[in-house]
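Chain naming follows the written order as A, B, C and D, and within any one chain the residues start at number 1.
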Amino acid sequence: MQKIDYIKDWDSWRSDFHFFTTTKVRFSEVDPFNHLNNTVPFVYFEDARIQFFKELGFMQQWSQPGSQTIPVVADLQCNYLKQIYFDEKLNVYIKIARIGTTSIDLHYMAINTKEEEVLVGRGRIVQVGKKSGKPEAWSETMLDALHKMKK
Amino acid sequence: MQKIDYIKDWDSWRSDFHFFTTTKVRFSEVDPFNHLNNTVPFVYFEDARIQFFKELGFMQQWSQPGSQTIPVVADLQCNYLKQIYFDEKLNVYIKIARIGTTSIDLHYMAINTKEEEVLVGRGRIVQVGKKSGKPEAWSETMLDALHKMKK
Amino acid sequence: MQKIDYIKDWDSWRSDFHFFTTTKVRFSEVDPFNHLNNTVPFVYFEDARIQFFKELGFMQQWSQPGSQTIPVVADLQCNYLKQIYFDEKLNVYIKIARIGTTSIDLHYMAINTKEEEVLVGRGRIVQVGKKSGKPEAWSETMLDALHKMKK
Amino acid sequence: MQKIDYIKDWDSWRSDFHFFTTTKVRFSEVDPFNHLNNTVPFVYFEDARIQFFKELGFMQQWSQPGSQTIPVVADLQCNYLKQIYFDEKLNVYIKIARIGTTSIDLHYMAINTKEEEVLVGRGRIVQVGKKSGKPEAWSETMLDALHKMKK
């Protein structure tokens, strides 16, 4: 297995994932090289992340017209382990790797129907003020939800 | 300035960029949080990269029907330094950071019209056999072109 | 119900659909007006169409490296009957409306979980020679498959 | 030239266009059939339309947080006249074909660098109440701007 700096031990790293969404590779997502275009995994990661935030109850809060905060992506990365082809079905897993005061680090893993890892990734999300654009601390309720989910 | 592990010294890192493409943020690239959706910078990076490969003469080679090799993305990452809004004009810079036997590391930087860095990134591209999917060494001609461009 | 020139009678038009694919609206498909961006229904239509072509056995043929023909879209249209929001689940139906010598007309309908039509559409697909770009007649086998599916 | 029901006379239809935006076909917009994916022209049309609405001063109004109205697409269609390839530069023209009380019909034409029409299209935009979702009449100022632009 390739050396990836955010994965210490593959087996334990992999077994920590529980939440996932399912997707199927669309024709419009495949490029002239006949494989999934490299920009699309980030769409899959976002889809998993948004569903994860719904599960946490965060999405409902951020989507309210009066909400003072929104989540922003601070950084994002993806390692492409295997080429992915049209019509493949993928499970896209997501988990919390670190909980900060105003941010969280999320890890991602997509596996195909043979249970092979095809994509892994990570990224930091920061909660910011809608107007200020500055980091805003998680509320108590949010922190509780995050810690409960991380276990 | 934020600490980013692939940037040692901002000033020299920034001054090393020469090649760039220009893009304007489309409405369909903006999401309900009213900023550029986080998946789109990778589209901009690819656009710059493909134009860069055209400049190098690689794209013409890989696109030939009889070509035995294609480029694949091994990994990709992006740091989002500033929120980006509808209709902003960006210059997306790209440069070679490392030349390997079968791969290259590319760095990216997008700046807005105020000359502020809004996105930075990096990623590795590997040349692989179309059928084998295994890494294939750059030809002499390709290596020459890469070294000339890196200077 | 709105007057749409390719729909004579809504009830019989609707009851003729059988084949469908299912999709869920992604966050990245929603725009700053908080509804599904108008460009995305065509992605859903294509997804249904490609699955339909797989069912017909056409996709397998066109995707072979040695294939002499490919399908091209001659025209496409969509009527947006209801605004569509993030996370809605849609069934996207497709059917054959007309079989020509080198082309077919396809009709589309997307319904939400309340069984309401939210999108309807139509478009013509032409089979063309890969090199010539000129229309190429359906083979006997293809015509048989089309007529069987249309019933 | 193909018979298209919203184009009476090609020469006069074409000469009525003045406003346009320019775009270049991205690699990620090309599909395994090596031509522009059929879903992308609608992205180009929207891009032209939004710039057109900016020119009219409408976009500024609809984007204000307190705006009571938004534009919605009622229908949209595209005729694909020629295959379009990676890296082609297109001028995407837009014009007003009809002004209604609450809606407008817009026509589109994309031409390549050889001045050939590669795409034509049309569609209706309706101004609706943000909450009601019901059509809302153009204001006097908006009607003036529309009529001035149509000339």
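Points to keep in mind about this one:
FYI, a contact is a pair of C-beta atoms (placed from the backbone, for glycine too) under 8 Å apart; a residue touches a chain by one contact, two chains touch by 3 or more.
Please read these numbers as outputs of a predicted model, since none were measured by experiment.
Looking at A-B alongside B-D, one finds more C-beta pairs in contact between the chains of A-B. Greatest centre-to-centre distance from chain D is found for A, with centres as Cα means. Chain centres here are Cα means. That of chain A falls 22 Å from that of chain B. Rounded to whole angstrom units, the spacing between the C-alpha centres of chain B and chain C is 35. Between the Cα centres of chain B and chain D there is a gap of 31 Å.
Within chain A, the positions touching two or more other chains are listed as 27-28, 32, 37, 39, 43, 46, 63, 86. Residues 27-28, 30-32, 34, 37, 39, 86 of chain D are the ones that touch chain A when the two sit in their complex. On the chain D side of its complex with chain C, the touching residues are 32-33, 35, 37-39, 42-43, 46, 62-63, 70-80, 83, 133.
Considering their complex, residues 26-28, 43, 46-47, 50, 54, 63, 86-87 of chain B touch chain D.
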